[in-house]
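Chain nomenclature is as follows: A, B, C and D, assigned in order of appearance, with residue numbering initiated at 1 for each chain independently.
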Amino acid sequence: MTTVAGRTFGSDNHAGVHPAVLTALASVNSGDAVAYGEDAITEAAIARLCAAAGARTGYLVFNGTGANMLALSLLLRPYEAVICAETSHLNVDECGAPERVLGCKLLPIPALDGKLTPDLIATRLSGVGDEHRVQPRVVQLAQATELGTCYSLTELRRIRDFGRAHGLLIYLDGARIANAAAHLGCSLADIAACADVLSFGGTKNGALGVEAVLVMTGGLDAGAQYHRKQLMQLASKMRFLAAQVDALLDGDRWLVTARHANDMASRLAIALADVAGVRLAHPVQSNGVFTEVSRALADRLLRDWSIQEWSETADGKRCVLRWMTAFDTTVEEVESLVAAVSRAAADSEARTAG
Amino acid sequence: MTTVAGRTFGSDNHAGVHPAVLTALASVNSGDAVAYGEDAITEAAIARLCAAAGARTGYLVFNGTGANMLALSLLLRPYEAVICAETSHLNVDECGAPERVLGCKLLPIPALDGKLTPDLIATRLSGVGDEHRVQPRVVQLAQATELGTCYSLTELRRIRDFGRAHGLLIYLDGARIANAAAHLGCSLADIAACADVLSFGGTKNGALGVEAVLVMTGGLDAGAQYHRKQLMQLASKMRFLAAQVDALLDGDRWLVTARHANDMASRLAIALADVAGVRLAHPVQSNGVFTEVSRALADRLLRDWSIQEWSETADGKRCVLRWMTAFDTTVEEVESLVAAVSRAAADSEARTAG
Amino acid sequence: MTTVAGRTFGSDNHAGVHPAVLTALASVNSGDAVAYGEDAITEAAIARLCAAAGARTGYLVFNGTGANMLALSLLLRPYEAVICAETSHLNVDECGAPERVLGCKLLPIPALDGKLTPDLIATRLSGVGDEHRVQPRVVQLAQATELGTCYSLTELRRIRDFGRAHGLLIYLDGARIANAAAHLGCSLADIAACADVLSFGGTKNGALGVEAVLVMTGGLDAGAQYHRKQLMQLASKMRFLAAQVDALLDGDRWLVTARHANDMASRLAIALADVAGVRLAHPVQSNGVFTEVSRALADRLLRDWSIQEWSETADGKRCVLRWMTAFDTTVEEVESLVAAVSRAAADSEARTAG
Amino acid sequence: MTTVAGRTFGSDNHAGVHPAVLTALASVNSGDAVAYGEDAITEAAIARLCAAAGARTGYLVFNGTGANMLALSLLLRPYEAVICAETSHLNVDECGAPERVLGCKLLPIPALDGKLTPDLIATRLSGVGDEHRVQPRVVQLAQATELGTCYSLTELRRIRDFGRAHGLLIYLDGARIANAAAHLGCSLADIAACADVLSFGGTKNGALGVEAVLVMTGGLDAGAQYHRKQLMQLASKMRFLAAQVDALLDGDRWLVTARHANDMASRLAIALADVAGVRLAHPVQSNGVFTEVSRALADRLLRDWSIQEWSETADGKRCVLRWMTAFDTTVEEVESLVAAVSRAAADSEARTAG
């Protein structure tokens, strides 16, 4: 059991729910509503979200794994595969859900800062037409990536165009799409236009628990409602998922909260980069800060904070720690964290020197 | 799009959320909490629920399909099958999730009032040991059943004993277990003791969206946490699922709400049984009332109410309609429904006579 | 371990391989041939078979389960289901392969003599468009059926037309299609024209082990080669499967052997029907004879013969035994069997009387 | 369509069937035999093979993909994963069968000459106990590997011991285990003792089509017969698979044929290594020779021979071609190939120089 006092910086999932989301839940809680999304509240919320993204249709689901599985279900036949970054959430952190639930093979590629490029994707196309090989069909991109980086719109468009030229569909995992839009200063539709299907994440951005699968390209949502039900993602009291979407869309709250989280990450990154013994492992382009530190410093920080050790160098001497900010992280909390890391780093250096 | 004015009687899922549940959500919304259930709130809620059921371990999930799939995942190898009533939710209303997600075959049995018996179960055991046949391993019971009936504790124990004698495990689908406990006047533990694994439903009983999978028998929860993640049922902000469980357990609210819903169903059933042209199709032992009416009356009622046509007689002349009550159904609403059905029945009879 | 002296009548799979098939294997065994079916022998054999059936494309596989799984893979999306007779091999004797390998739900229907009709199929269409229900997409027919009966061409065409009118595809399981063609006195193409995809069985009709999946309708074989590989049905030394097909096609051997087996079954049926205490359970329209006898007589016959007890009446007093003939069954063997059954029946009756 | 004159060197699957295998097929073709392996011929052949390998139980299947899937089915729960070499047949050439059929994730590792080591395996164990990660459970080794190399017995034992220490089971893909035994000069049992489950390949070594799954460790074959049936690998006329095994075991024919194929590969390798412009890409330790040549020479050879381009260097200037020998490759054929490659290499060099 882990009790938590104050801010953990361990995950944007450690944060609570935005007060406006709780208010929205209460506001739709009167009288009956037809279940499973056939109610006016849900239909209006989906229409709003689709309008914002330029999407044809949308489907609300419970969580990110559900969104990823539903989206890929729409795009794949049994012998088709997904090209993705080796470090992607899909490849690493879904406990093999794509393989078990979809029966599909992933074709992972080592990728700098977690970002694919047309050249990298091309390395996975050699078996096309060979009956002994799975057939690549989908390129999965995360925006922002699992390493806190973002594709520029130009980079996204190049991949989309490469995909079209090679018969590949684009699935964009948008668990942190709000952070990407905030970083790029672009609209949701700007990013969505580079995908055939994408997810829109709410949970990491102040919602209690809601994600949406948005379909951009005609013909890809055939049977989506059956897939969602089979994949255990059909909420009965759907209006309470829809209300969360509404709360995020009101006054562009999704963008405001993400911009704040990004700002806090940026502030944190600038300060940590100045601490002796701490190096930034990746560009900070959303709400995650990845720092490379010595093994000793890492051990100290892992003891004090509910954060994740991300990776370790082959020699075991240094490792990467991830710090995440959220919609409700405060400047004071960031400063307090920086002070604590600075102290730990100084101690660690002193011990090493001594 | 279906807008709803007032009570629908279409489903206990049409109801909103119990105010105490919303209050509980707000009460846990302060500060960070470690994600994915490793927080104190979740651990305490699960401990409370396990204590109430006499269960070894428990896992919170998003919805009933998720609970059914997670539970069966714990019990089945790939060549093992599930014996169930032909009318069960598992067989009819999961859109083939057991087959797709678990790859398992169901062995459905026509069963009076939706209830299995040892004799019925025995009819499905003939292929044991034959490599051409799936091997029966699990008996799935719903308590209450999809037809609103309940097994008595004696009936449950007979099935459990039969199962033990024949190497069969019992999975009890408890989406409406609260209604069953209220009907039987027994404890949660009394029912749970007849199962190897069961689900405890919250959503149909005032929660926003939470179900629990409870493991009664040692050794059956190996790897449950991985199954839950793969099956897309791992909530990141788990404390908000746990808070719902707490709200239902406080002051035995789960039982109080279910008892109220049952009382409303009972009142409705008694009144409808007196309406000319309306016949009760099954004993009313929880919060569902199944009425058999003429095709003409059914059409009229289906036009006016967001309810489900359950089944039709082979000659197409009569059909069964389902009316569900919920934790917040009022006496006035029941009376208003009865009056409306009476009017419709009288009109229908007049037209037929005329 | 079961050693067998002489003819078992237990299965057409108990028979050996037709000498012409062994000769054909030897005849293609010279020099190298490109593997996996890209050799001239295979391409020619498939072309011959497709010409005989009027099929667009064909795929050789190892066995009947493989043929069924490959065929259904071509026809189904994950949320689509297969309507079939409750007694079908697919439902009963594939050990749940459709559920495990394809993730698909079967919708079985009790059917007289194992034969579906449009009216029976219609009973399974009520959930169309409901996201909580699997969507019926395929009607599976076996020709001949598992109970030794055949659809007339008129019956097949009615089902095909019904299917077209309701968006259903027809998969015809032709493990014993040769016996059906022999019984109906029609061509392979006559039967095949009633299906969208069918299998052509060789193994039960004198081959060592080969079945073919034949695609009649355009657009249904997309990706078939990948499905076959994934489903473990791609033979490396394919020419030796193709040679078996050639041997069966030479001089219409497939039809000659099936006609012989049917004749032996017919002779057997006529004789057994005259034995006191033996009743034919189904019309004999291929190479299987199903006899209903008393429990006592059944026990005696099951002791003496490597045959299958097919089913038992609810009261346990009578049961159905299956007797199968094969391409190499002789008149003497049939007469010998009849004599043995007659003796056993007389003994059994004597004991009952005494 | 590819017609083949003489020896292709494209695959050991291009070869025909050993005459002794055809003879064996004919020798068991008299009278009935109970189907599905419950006959004396099959039981004896499996007993012989198990005795040779020191295995507890064995299961005959149709092909290598089937053997791999059945073996892994015995070892894995749904959330468990397989560590394998990136170049393994399992990862590259099964068209995603492990993912589709077993729902399991592979954890591939780049490995010199296609061989894993304890250190390499250890790199894949970091997520043990983390519910977001698949749990490594099986190490898959091919012996010989897909690159024609062999593990020494010492290397195998180190991996087995490492596996035992870390809760990992060993599956040894023995599609070419005969070639490995011939190379190492060891017994089948010596290799088998390093695995928990292994396959024994017949098809690439003179059989028409048969592989065996052999279980070395107690408790791992629970339900194997059901898995085999579901996985479409249960032959009805099993005695004809068993006869092939017998033919390979008679007089250690499996070893004699493999030794011959290895000798031809060795002779080929020695000669090709002397050709200017040809470099051996991997040690030649079985019946495959991998040569690195210029793009131009490769194109010429790929035009003339039905062989496979294995891989290409990143700059596209050189690539690796695979040459396989078989049980029936002759010295003359090898010499003829060497002469042809020498001519092509000389031409190619002349053109480059010119």
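Quick note on the criterion: a contact is a pair of C-beta atoms (placed from the backbone, for glycine too) under 8 Å apart; a residue touches a chain by one contact, two chains touch by 3 or more.
None of the values given here were measured: they were computed from a predicted structure.
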For subunit A and subunit B, chains touching each: C, D
Rotation in the CA alignment of subunit A with subunit D, degrees, nearest 5: 180
Maximum centroid distance from subunit B, chain identifier (CA atoms): D
Gap in Å, rounded to a whole number, between the CA centres of subunit C and subunit B: 41
Approximate Å spacing (C-alpha centroids) for the pair subunit A, subunit C: 51
Separation of mean Cα positions, subunit D and subunit C [Å, integer]: 34
Sequence positions of subunit D contacting 2 or more other chains: 36, 78-79, 94-96, 100-101, 103, 131-132, 134, 226, 229-230, 234
Residue numbers on subunit D that touch subunit B, as the complex places them: 36, 73, 77-79, 103, 131-132, 134-135, 223, 225-230, 234
Touch list for subunit B against partner subunit A, complex: 1-8, 10-11, 13-17, 19, 22, 25-26, 28-36, 38-40, 43, 62-66, 69, 94-97, 100-101, 203-204, 208-209, 226, 229-237, 240, 306
Subunit B-touching residues of subunit C, taken from the complex the two chains share: 78-79, 81, 92-96, 98-101, 103-106, 127, 131-134
